[in-house]
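Several structures are given next for inspection.
Below, chain A partners chain B and then partners chain C, in two separate complexes.
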Partner chain A sequence: MSRRRAATSLALAAALIVAVHAEASHRPRMGGTLRFEIGASVNSLDPNAKPATFKEALARDEINWLLSETRKVITENEGAGAGGPFRVSDWEPGKRVVLVANENWPQGRPYLDSIEIQMARSAHDRLLDLDLDRADIVEIAPEEARRASERGVHVSVSQPDELLALVFLPSSEAADAEQQKIGEAVSRSIDRAAIVNFILQKEGEPAGGFLPQWSSGTAFLFSTATDPVAARNLWSEIGRSLKITLGYDASDSLEHSVAERISVDVRETGGAISVVPDGPAHSSKGEGARLVRLSMSSPNPREALAHFANELGPLAGAEFVAPPVDGGPQQIYDAERAMVNTYRVVPLVWLPRAYGLGPRVRDWKTPGPGEGWPFADVWLGDMK
Partner chain B sequence: MTFRTKLFVVFMIALLSSVGVVSVGVTVATRRAFEESNRSHSEALVAQFEREFDRHKQDIVHRVQAIADAEATVRMAIDLSRPKSDVSVYVNDARGVSQSHQLDFLDFVGDDGSIISSNESPERFGYKIDWLTQPQDWAALGSFLTKVDTQDGPALGLMAVSVVRVGDKNMYVLGGERLGKDFLASLVLPTGMRALLYLNLDPSFQPANLVDENGPVSDGDRLATFIEQERQQPTRRTFKISWTSDAASAESFHELPLLGRQGELLGTLLIGNSQREAVLLERRILLLAVSVATMGLLFGLLLSWWGAARVTRPVRRLAEGARRVSEGNWNTRVEVRGRNEIAQLASAFNRMTEQLSEQRERLVQAERVAAWRELARRLAHELKNPLFPLQTTVENLQRAKEQSPEQFEEVFRESTGILLSEIDNLKIIVSRFSDFARMPQPELGPVNLNETVRGIVKLFESQFGAVGRPPITPELHLDENLPMIQVDEALLRRAIENLVLNAMDAMPSGGVLMLRTTHQDGGVDLEISDTGTGLTPEECERLFTPYYTTKQHGTGLGLAIVQSVISDHGGRISVESETGVGTSFHIHLPVKAPTARGEAIAPAPAPVPVPVEKA
Partner chain C sequence: MARVLPGPAKVDLLVSNMSSLRPEQVAAADDWLKTMLANHRLRTAGNQTAEANVNVTLSEGVTGFVLVAQVRRGADEQTAIFAVDKDGTPGKRAGGVALQDQLIWEQPGKILDFALVQGPTGDASQLIVLEVGRLAFYARNAAQWQLTNSITIPPMRPWLRAPRGYIDLSHGGAQGVALLSGVQCKGDFTNPSAIECSFVSQESAPWAGQDAWKSRVLESAGDASPISLECDSRPVALATGGGDWTQTDFIQGYEIGTQKGQGAMASGNPIEFKGPITALWSNGATAGARAVMQNLQTGNFEAHLVTATCSH
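Right, the complex of A and B next:
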């Protein structure tokens, strides 16, 4: 009997120790340096400086969000002046930035002592560093997320909140009506589903409008299907042989693949698009277009649409009208439809943000639309 | 040109002709041999290239088959055979597999012909390759050429197809190599050979489509004509092209059409074989031949010169002997060496000169005897005429003394007169012979021949129109530009006077006496013509022979003396005559009379009058 009691006592003690230990392992720990690698190269943290690429602009906003948490301040209206959870400790433009915890952050000091962000790392090197435990979190291209996950990497994928679109640059050669036909012919030629399924490996959504389905609920009203017959008819109506040049960010393999696919799709319907890395900045001769990537500034459809209208309108030389501030779903839809029907900007796909997480990372919450990297709540656990 | 020089020239011409013929023959033969060798070499190289090309094609077939046989490929085919399989997971597989198998092109194609994964055109996923699903024994076909769409535009691929069959579904593995500079660089080609590839991807010839292992070919336009011919009519061709004016830049090409599965021309392979080595070797051989020929010619030149000298030496000896003979050295003999024709000729020459010498000796003796006989006959004839009156007169004196002493005195006076007269005649005869025997040496001085002629005509003017005989009309045709001549005027005057007297004697019925002077060939000419009875040819031949005369009472010394005077002045005299028409004497005198030794004639101590004798 006593032996049974003793055994029971030992089992209870062991269970207690395990429970205590488990409790301790889930309890946030202070300290440590988180190593984070991204593909973009940020050369300036000045919000007014013109970035070289859209990806640089996105990365710069993310870093600034950590320094000031501007977007959160705006959205949550918690007041400004105290800065963000981190501040810059070391800065090598285009290569590396080290952020240290802001001891005076009103919401409490972050768990992490510091974050070391390595920039301009290739997708291959980022995944390799994650495998070799040289990085704790790495940015993963959406098209690589599936393969990385199959390799056993803990992948965090956000809601698709980044729009990849084709923007026609202002042209002096074609009339407005012809420009619209050209845009529509291109739009109807593109097989968006193939782009999502094959290039993005099903990480993303075809985009027919400027708001994703989860945000507006009306995205299904904007067709994403390819229509080769209609496209051929449109090319026939245009009549003359067009010389369309499609530029893309040469450092972005996704944009390259999408641009090549668009070229093939358009060629199959009778059009002609030549793909040019990093060009054209403007349409000097013939029709010019380029691929752009823009993040939703907010999960709010009206705000997001207004942001897209403000960003893409000047780029395409079109006057996009944002929905009224107090507008309802119908006004938002009408404004979105008006933007789509100009065909100066052709939405292609919605891209998620994907991150590969190392084994030490704890309490990583996938960022939502308009949110930056959630390092304020992340802490580092023990290696297992 | 001497005989030796002629012989040397003949030798040289023969030598040059021989060397030229041999050189041309060797050159032509060498060139043909080289061309034949080059052609054989090129064909061997082309055959080697084709073997290499075939090996490459087989290699591609094997690599594509290896991909199809790989476990991952089979698993992919099994997965794709399932209903609603997710093909998107394979979209990037072709890239890795193609790299591991070193293929430029690789497509995994589903049963319906849809591209599942493509290395060269990853963006073409989902599009169909219709011709791939058509019935075809791909294994038997092996590798083939086809046009491939890539991100850089259309390209030419050497492709192979392997089929992975799972159940009733096929999965196609379409792989190959890009035909371009990298493909050409991978070929193992012999030295001096290169391969060019024209990609027939455009409706017309495009220089940028002509590549070698380094990329687009510079001066590709030069091949446009040949490639265009190939485009019009695909067949194997050979041609040669010189890239520069230097023949060593020549390159022979074998043009091979590259046809697709349907027989369409997709490209042209140009296998170039540089002619540089062959041309340089040919040049070296020709240079060597020219050097040897030049040395041979130089050697032949010396040998010909020596040979000509050796061959002509006996001839020169003969010529020298003949010259000496002509100078009167009748005892000249030439050396006889050997028994050849020249030696025989030399022997004959020696015999000839020996016989000539003997005959001349006999002739001289005969002439001497004849002269003496003639002299004796003349003397007898001349002396006989005065002797006969002498004899008759003396006999008359004897008869008068014996038969008519009373008339003796008268006869004596007459007879002594006759005797003295005949004795004078005898003296004159003796004097003439004495003068002929003592011809004086000319005493030279400047003389105007025209003045001399005018003086002589004036002297004879009274005789031309003498009473009792038919008149003779003198005609003078004198060249007023006649140069002064160096002659003994007295001797010349007597010679001309002699000829004038002869002319007068030849015109007993009167006539015209013409005297003409001219100058030419560095001398002056005098012609004295009459319209008399003329002479026969036989008389003309012997006219200048001493003691020969056509007259009743001539001594036959007049024209002999004339010829002697003219000859002593370095001149010459000739006669032309025709019976019944007249006779012309032509005298040519040099401006400066030379001696027989080439020296000026020494002035004679005193002029001796020459008797004028009618011929």
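Right, the complex of A and C next:
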């Protein structure tokens, strides 16, 4: 090898080393206050208090998880003495909570000294605060994640693990067979791909069943395609004109957009759905339905399906049978297929959880199903 | 599949893959399926008219691979799903430092370090696992490791969130030392009841020396350790990636230049891991390292032996 070629090889090797190891040491560092902003407004940590929205329930569970590190719920008073990685040091209901590290946490004191959680911040304000270094981590709505990323925000997105579904409420007016046809007609009318592409800005996946592909490996067996011809035939088989009322959470812009889209899709196949914010709670006259968001309780497909069966069955007045405890993939699929074929709950889309991260945040792992915010492992490094 | 499609019959078989299986593994699965069909008096139709269509999809979920067979016969369609074990065979590579990985042990709890003790026949007869607050001893029973003994290591104060640990058997199992943040346990590791633990300063801890070496030689690596191997008279070291503990990781071999200014050069192909390497230690006189990894898919901690050879 000539001297020049040898020198070139060494330079290339050195460049390779630099490229392979782009970041410096990865050992955690102690200290600091992490500033975190969320959209929900948690008014009470008491599990017996009825949360106003799905988002409040979710955020309350996350905070309680940091105080107890189990999914068991606790009251505010218990929170201060419970054995989690953090303790409440300041609490302004609905606005702000400050958590400090539990020095005696048996699993090791968290790296952070404290976490300041600002609640009820609008999506716009959260991103602005991240830009201006007034926040370290902010929640981002799934439909905003792509835009934020294009603006240069470091966005951490989870696997899609939250199901948005349309649930038909128990009805005494229609016979079971007719209810099933109504549900199937609505399901086949909905253009799920359009919801994902346009409303969710491609952050999410169409849902044809109750388990995402990454969990079960069999989601592809459940069709998510729109089938307007079959839907029209079903509406004509039903014969009578129906008044279907679809409720959604008025504080949730995503649910509003999806409800409006479903209304348009159903109208195009010959059905009729009227969209009502915050209603109906039950079927009074005609068919009542609601949009529901529900997170997977576990990445394990059997456990997640059992959770959905237990939560959604009573809501829809259906008897969903969970797969057996020792059930394999065939039993899980059979149970899921049986739930889908009732058409009492129509899966729509899988939503991910998204967070914007500031330059000091290290070891943030966007929580998966059944996991809480990972603040026990997060630490603050230098500005990148 | 025979239960949904009793033979004899001619079938049209289509195999597709939506999993992370490699093409050669898919081809092997295809061959296996054809053999299985033949064993059940089902054969592929070829140019003849098929009596049934069998679409087989190799897919993957969190619990492993699944084989999904959709059997269509006239208007009738049935779906059969089978679990398939994951095959973690690592790839081989040529040139430079060639690495081989062997999974020794995995468990849900955190592993700080581990060590294998050779028996009289030269095979590993004892596995020692250093955990946060515990030293566990396992003996080989057929192909399984079975817990035979354990000692509790009392903390001086609540354990650090990310404690480090090290097992030193360089003077033999009878003079073993286990170190973890602020505590040292010494004694005859073949007789755990004789092990005694005491508090020590961390200044001379082995990780302090390892970090100092890394800073000089492979500054940008996450963890790095020289091993007992030279390739073309150049000492070899192994190093992890520099990502944080939420990311998958790799171990790369490096040849350390012996002349001034040469530094360390990446050599051979890295081994990829399904989670961060949380500890990396030279495995004594053997050319390799002990690596502890947290598998991000399962959450388990895994003890791996990575052996290195010079490949030309």
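Note that in this section the second predicted complex is superposed on the first by the 341 of 384 C-alpha atoms of A that agree within 3 Å, B and C clash if a C-alpha of one lies under 4 Å from a C-alpha of the other, contacts with A are read in each partner's own complex, and residues count from 1 in each chain.
Just so we're on the same page, a contact is a pair of C-beta atoms (placed from the backbone, for glycine too) under 8 Å apart; a residue touches a chain by one contact, two chains touch by 3 or more.
Values in this document were obtained by computation on a predicted structure and should not be read as measured data.
K.L.:
In the superposed arrangement, does A:110 touch chain B (first), chain C (second), both or neither?
P.N.:
In the superposition, A:110 contacts chain C only.
K.L.:
According to the stated criteria, A:151 is in contact with first (chain B), second (chain C), both, or neither; which is it?
P.N.:
After superposition on chain A, A:151 lies in contact with neither partner.
K.L.:
So, A:376: does it touch chain B (first), chain C (second), both, or neither?
P.N.:
After superposing on A, A:376 lies in contact with chain C but is clear of chain B.
K.L.:
Touch check for A:243: first (chain B), second (chain C), both, or neither?
P.N.:
neither
K.L.:
Return the chain, chain B or chain C, that is in touch with more residues of chain A.
P.N.:
Touching more residues of chain A than the other partner does is C.
K.L.:
Is A:194 in contact with chain B, with chain C, with both, or with neither (first, second, both, neither)?
P.N.:
In the superposed model, A:194 contacts chain B only, not chain C.
K.L.:
Per the definitions at the top, what is the overlap between the chain A residues touching chain B and those touching chain C?
P.N.:
Residues common to the chain A contacts of chain C and of chain B do not exist here, since the sets are disjoint.
K.L.:
Could you please specify the touching residues of chain A with respect to chain C in the complex?
P.N.:
10, 13-14, 16-18, 20-28, 103-111, 213-218, 220-221, 299-301, 328-330, 333, 362-365, 376-377
K.L.:
Taking the touch rule as given, give the residues of chain B at its contact with chain A in the complex, in rising order.
P.N.:
Its residues touching chain A are 88-89, 91-92, 121-127, 151.
K.L.:
If we count contacts the way the header does, which residues on chain C are in touch with chain A in the complex?
P.N.:
Per the touch definition, chain C meets chain A at residues 18-19, 57, 59-63, 65-66, 68, 70, 79-83, 132, 158-163, 218-222, 239, 241-246, 252, 254, 262-266, 276.
K.L.:
Inside the complex, what are the residues of chain A that reach chain B?
P.N.:
Where chain A meets chain B, its residues are 146-147, 191, 194, 197-199, 201-202, 257, 260-261, 263-264, 268, 275.
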